[in-house]
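First chain A sits with chain B, and in the next complex the same chain sits with chain C.
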Partner chain A sequence: MSTNQASAVRPLARASASRIGTRRQRTPWGAIALFLIPLLFFYVLFVVYPLIATIWNSFHTISYNMGQQVTTFVGLDNYAALFTDRIFHTSMINTIIWGVVGPIIEVVFATSLALLVYFKVPFYRFFRTAWFTPMLVSGVIVGLVFRWIFNNEWGLVNTALRGIGLDALAVNWLGRRDTPLWVVIFVHFWATFGFSFVLILAGLSSISNDLIEAARVDGAKLRQIITSIILPLLSPTLITVTILSFTGKMKAFNVVWVLTEGGPLHASETVATYVQKRAFAWRTLDLGYPSAIAVFWFGVVLVGVILLRYFLNRGSYQREGGA
Partner chain B sequence: MKKTFVYAAVLLLSIMVLSVGVVSAQDTPVTIEWWSHWANEPAKVAVIEQIAADYMAANPHVTINLTWWDKDPLRDAIRTSMSAGEGAPDITTMDSDFAIQWVEAGWLVDLDQYLPWDNFVGGVRADGNYSDIGIDGQYKFNISNVVNMLIYNPDLFAELGIEVPEDYQFTTDEFLNVVQTCSAAGYAGVANAIGNRPYPAVWAVQYPLWTLVGPEQFRLYDNGLQSWDTPEARQVLDYSVQLRDAGLWPESFSTMTIDEFHIYFHTQRQACMMFIPTWYSGRAFKPQDAGGQDPEWHFGMLRYPAWENGAANDVVWGAFESGYAITTASQNPDVAGDILAFAAQPRYGALWTAVTNSPSAIRFDPAVDWPSDELLTSLGVTPGQWDWYWEQFNEVYRSLPSVSVAPARCGDFDAAVVSTLNEGLPLGLLSVDEAIEMLDSALCVQ
Partner chain C sequence: MYPSMTPNFTDRPVSGFWLRLTRLSQNAIVLLLLLAITLLIIIPFIWMVIMSFRTTGEILSNPYGLPTSLNFDNYAELLFSPRIAFYRYFYNSVVVTVGSLFLTLAVSTLAGYAFGRSRYRFRFRTAVFSSLLLAMMLPPQIQYLPQFQMMTEYGLLNTHLSLILLYTASALPVSTYLMATFFAELPDELEDAAYIDGCGDLKTFYRVMLPLARPAVSTVLLVNFLNFWNELLLAVTMITRPEMRTLPAAMMLFVGENSSDYAMASASLVVAMLPVLIIYLALSDRFIEGLTAGALKG
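Moving on to the complex of A and B:
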């Protein structure tokens, strides 16, 4: 009996292995290639090639003579020049401030709002739409609108401040050294936090309601539910949102460009706006130096993302371990 | 006899063959791509389109495609297309300062052989000429000849009891008092603002620098060929700070765009004066619903504030506005050159002046070349509407000698000028010492 059972199993296993083998043999490489090759082609053309070209340019100076492009290998000279470029230092400090402050504000604010919607405060459907809406507006339009809002003479902000008797606070927001960067950070936050909000809301929606109901039955208060159940379970989403927010700030361009063009006196200059200026608005045709800035900054962002992932993941594991 | 006959036959045949070649070359359809800025200045658009239409009528085998741009995107597009080696136009807008790299790169055709230089006003060959940096040739066709003006609002002057001197020229001290008076009454001294241009506040340094040191020294300072750490430069920078502190700039100085500050001056009338070249007319003399001024409102003109012992108190600061160049990407540079030579006729200098209300770099005789009322009307001009402007202009500036200075700044110095003179000093973010240090550290010649 047992022998029969064993022999009955063996042919089945063979048949199963044979079917798997057949499936392997039938891998539709043609279809895979059909779908992948066009994408790979555009990826190589618009991502890989420009990246390689930028790295290559960063080791050269590029000039033109009699209409012909002349490239001269300069080794690390362009990178060495970064150390003495005061405008680059200013733009780097500004961008790092933004890259640190921006994600913190964005994640805290977006998480708070997502929790309000998750717990269905009154009008939560309206808020869900309203808070995402700024994401639908072009960065250029956002920049223009906020340029008016922060107009020193008749802008909404200063008019409101003067209206309530706070004349001393009605300053030239975009015309000082100390305020433009913070205006830019605020405007960019306003324009983009909806994305983080939606991601976090999606993360919240994936948390099983049973866990929260069980905690409630066990007598957990709302604060405990949030801090001990929701946030730990939400941490993978929060890590992703933080990293996306960080990279977004480190390469932000359009809002800054329209709002201040990096001014005044480079007070709101970011690395992205400075690269654009050096590459296209500066009175030189050399793309070598701006390429060196771009490559250097790519490295900084890459290291920043790796460190961020490492520390955030470590924190997340430690919480899980402690729990 | 037989030999002579053979020679004659060969000669005749050669002439016929060559003639056929010339005729067929003339008849070959040619398309010329012409990129121009001034997209927001309908009068200038009308003149250039008229020239293109006239040329095509006279040369039916030539088609001219005009594309209108704002200046910065055009500059970027030229740079991109010339670098890429395709997509560049035959004719492009050219500014002497930002195109110096184009000339160095060999992207522009030498126009020396194409243009009838006698048709132009004196000094035009100094513009688009880079012999200072060892490049031979003429690279710019100028149709406009700019005069830098200082204009004022006579209604506000009357309201504030400010009297204009008989020679239209305040001293620098008097000018400072005018600014203080305007500011005390709640008006800006001048309407200029820097919302979308890197130069309107620089004028507050350039005008007094011009009168104090004169054209040649001015050129050296302005192009970064001379240290700013001199008593004269310091005197001018200190004066610009005094003007700033007296209330020279409008409150919306950092954000108002060039179109907006024109309106701030002529329609909102919130500023007593404005530094502005004669291209003021391009934005102001268009229909009111398009942002133009009331044609019945007559503003006044002033000579530049005079220094005691100024080297050029009575010299008008001239310049050449954007012009045109031919790119080396052109497959038909001779046709493009012929178009620009065609545009250099006196009648187009007159047409430019009549339609744009800005002086032309092309000489003309008003009695002979002035366009007919029919033509002007067809181009949207009401004949005689701006006569008062020209009377005023002739009264204040025409009797004075005018010298044009060609700008040619290197990249670092240009960026330093924008940072210090357009932003830092006028916004009070820098001291004069810091400004001088920044300018000197970026000089084009160390």
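Moving on to the complex of A and C:
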């Protein structure tokens, strides 16, 4: 994260540096206040305050007595309860499986296809536009359409499977306990892979042609060029895409909620859907416990992102050093 | 003019070596594979459109038939039937989206201007800006429960305003970032000239600098339009009264309640998707650039 933020701030720093020495004037506080107060209003009220309030709530139990909200301090009880909550464990395991499998298939597919499309001149814009389309469609629409596609009796998948004689594979995809999570993973992959593809394609097009030419002059084969030049140079992009894909899966809500609502029997429950259920769908009215889930899970994801960035960065340096 | 947040795709290699590589991968198998993938991605949409022109009876007897005639009955009923009141949800979505876009643009251009221009640098400006960027990392789950409590407390539940405020807040970090990086690259001369001509800070901003920032403005509009139009989590949390629902929330419930009326459901999905698809087909490159620029900041 730190490297990206540094690069994000750089243009501002550069702009300020160019002015130093040319003119030194008093800071126009009035104008700064005028420009920034609307932003700070939103930021403090709807971002900072809710963040603190979620942490605060996570140490409390909130209940209602005769329409009055009663908040009781319970210390770490909500967090302790996480350890015995089996549904939370299921949702956590499901989300972790998704967080591991999802980014891997997405990055592998997107990279291979980007390489194919990049080296292939015709229809290149067509593929880019077409594959990106699912990104634009609401998760609700995606979820509903795929509910039909995976319908047991007449869904597209089962009709196709029966059509080619694989009746045994035509299972009730969304009704069993072992398949719904994989359907969710697949559908989310379907919806977001175009995005990773476009990012990787952008990364590919920024690799200097001279390097590849030089390698070719030295007699490198296509495979060597890809593994020793293109992939190492592409690794910053691949790291970004992996992390974006990972965090996207960690907070995904729409597709799961519409496709399965976490069911059946929590078979495809994720942390995001479980927070929503504990907070609203189950009508427990206690926002304390779901807050504890959210805070705990945010910590886990943060650690995950930091570890992911650390190991991916290390891996990519080693590869460059070895090449 | 437009800062190159995404590399340009037109300078692709065409040397002899590349032509050879090209020939290598240009064979029919690869092309067929790519077309098959495209088909897999497009099929759900096509199927949806086909179903929307048929009747539920036809769909149940044969899910994969083609429409017998170009039948707009589903769309007519969907759009005008008071029982479904689709226009109501469409209207809600338009109000919320337009309201949020307007507010996001107003706040993020102002703030982006102050963060981007050297004239307004102050101590800790970079720190304030970085803390704003950090907010982009926060998942909605860590904020939306207190947001719900706030809206309850101020009597804003079930209002368009609650969604407009929250959508704006969620969009501001990325939008401000995009505006700030754009403003930072505009030359100083025009700004200085405006001051010499006697324009104040605000007048310089909206008369001179804002018109120059049109590309960034359109990026901010496109990216956020998509997010606002498709948002579900806050929409189902802050809105519980049926007539105030936005399209995604309404569709989810509509299809849930009429789960066997496939023809009508498909028509509703097509209509909900249409505004986004039309804009995408017209501005696909802008869309792709905008979304990737918004994401790559990390």
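Here is the rule we go by: the second predicted complex is superposed on the first by the 282 of 323 C-alpha atoms of A that agree within 3 Å, B and C clash if a C-alpha of one lies under 4 Å from a C-alpha of the other, contacts with A are read in each partner's own complex, and residues count from 1 in each chain.
Rule of thumb we're sticking to: a contact is a pair of C-beta atoms (placed from the backbone, for glycine too) under 8 Å apart; a residue touches a chain by one contact, two chains touch by 3 or more.
Everything numeric here is computed off the predicted structure, so don't read it as measured data.
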item: Chain B versus chain C as contact partner of A:F280, first or second or both or neither; value: both
item: Touching partner for A:W154 - first (chain B), second (chain C), both, neither; value: both
item: Winner by number of chain A residues touched, once chain B and chain C are compared; value: C
item: Which of chain B and chain C A:V145 touches, first, second, both or neither; value: second
item: Chain B versus chain C as contact partner of A:P290, first or second or both or neither; value: second
item: Touching partner for A:G263 - first (chain B), second (chain C), both, neither; value: first
item: First (chain B), second (chain C), both or neither touched by A:T133; value: second
item: Which superposed partner A:S63 touches (first chain B, second chain C, both, neither); value: first
item: Which superposed partner A:V183 touches (first chain B, second chain C, both, neither); value: neither
item: Chain B versus chain C as contact partner of A:I229, first or second or both or neither; value: neither
item: Residues of chain A that lie at the interface with chain B and also at the interface with chain C; value: 148, 154, 280
item: Residues of chain A touching chain C in the complex; value: 1, 4-5, 8-9, 11-16, 18-19, 25, 27-32, 34-36, 38-39, 42-43, 45-47, 49-51, 53-54, 57, 113, 116-146, 148-149, 154, 156, 159, 190, 194-195, 198-199, 201-203, 205-206, 209, 212-213, 216, 222, 240, 243-244, 247, 250-251, 253-254, 257-258, 271-272, 275-276, 279-280, 287, 290-291, 294-295, 297-298, 301
item: Contact footprint of chain A on chain C as seen in their complex; value: 6-9, 11-15, 17-18, 21-22, 24-26, 30-31, 33-34, 37-38, 40-45, 47-48, 63-64, 106-108, 110-111, 113-122, 125-126, 129-130, 132-135, 137-150, 165-166, 168-170, 172-173, 176-177, 180-181, 184-185, 188, 201-202, 205, 226, 229-230, 232-233, 237, 247-249, 251-252, 255, 262, 265, 269, 272-273, 276-277, 280, 284, 287-288, 291-292, 295-298
item: Residues of chain A that touch chain B when the two form their complex; value: 63-69, 87, 147-148, 150-154, 172, 174-177, 263-267, 277, 280-285
item: Chain A partner contacts - residues on chain B that touch it in the complex; value: 72, 76, 79, 82-83, 97-98, 100-101, 104-107, 195, 250-255, 328, 409-411, 414-415, 419, 423-424, 427, 429-430
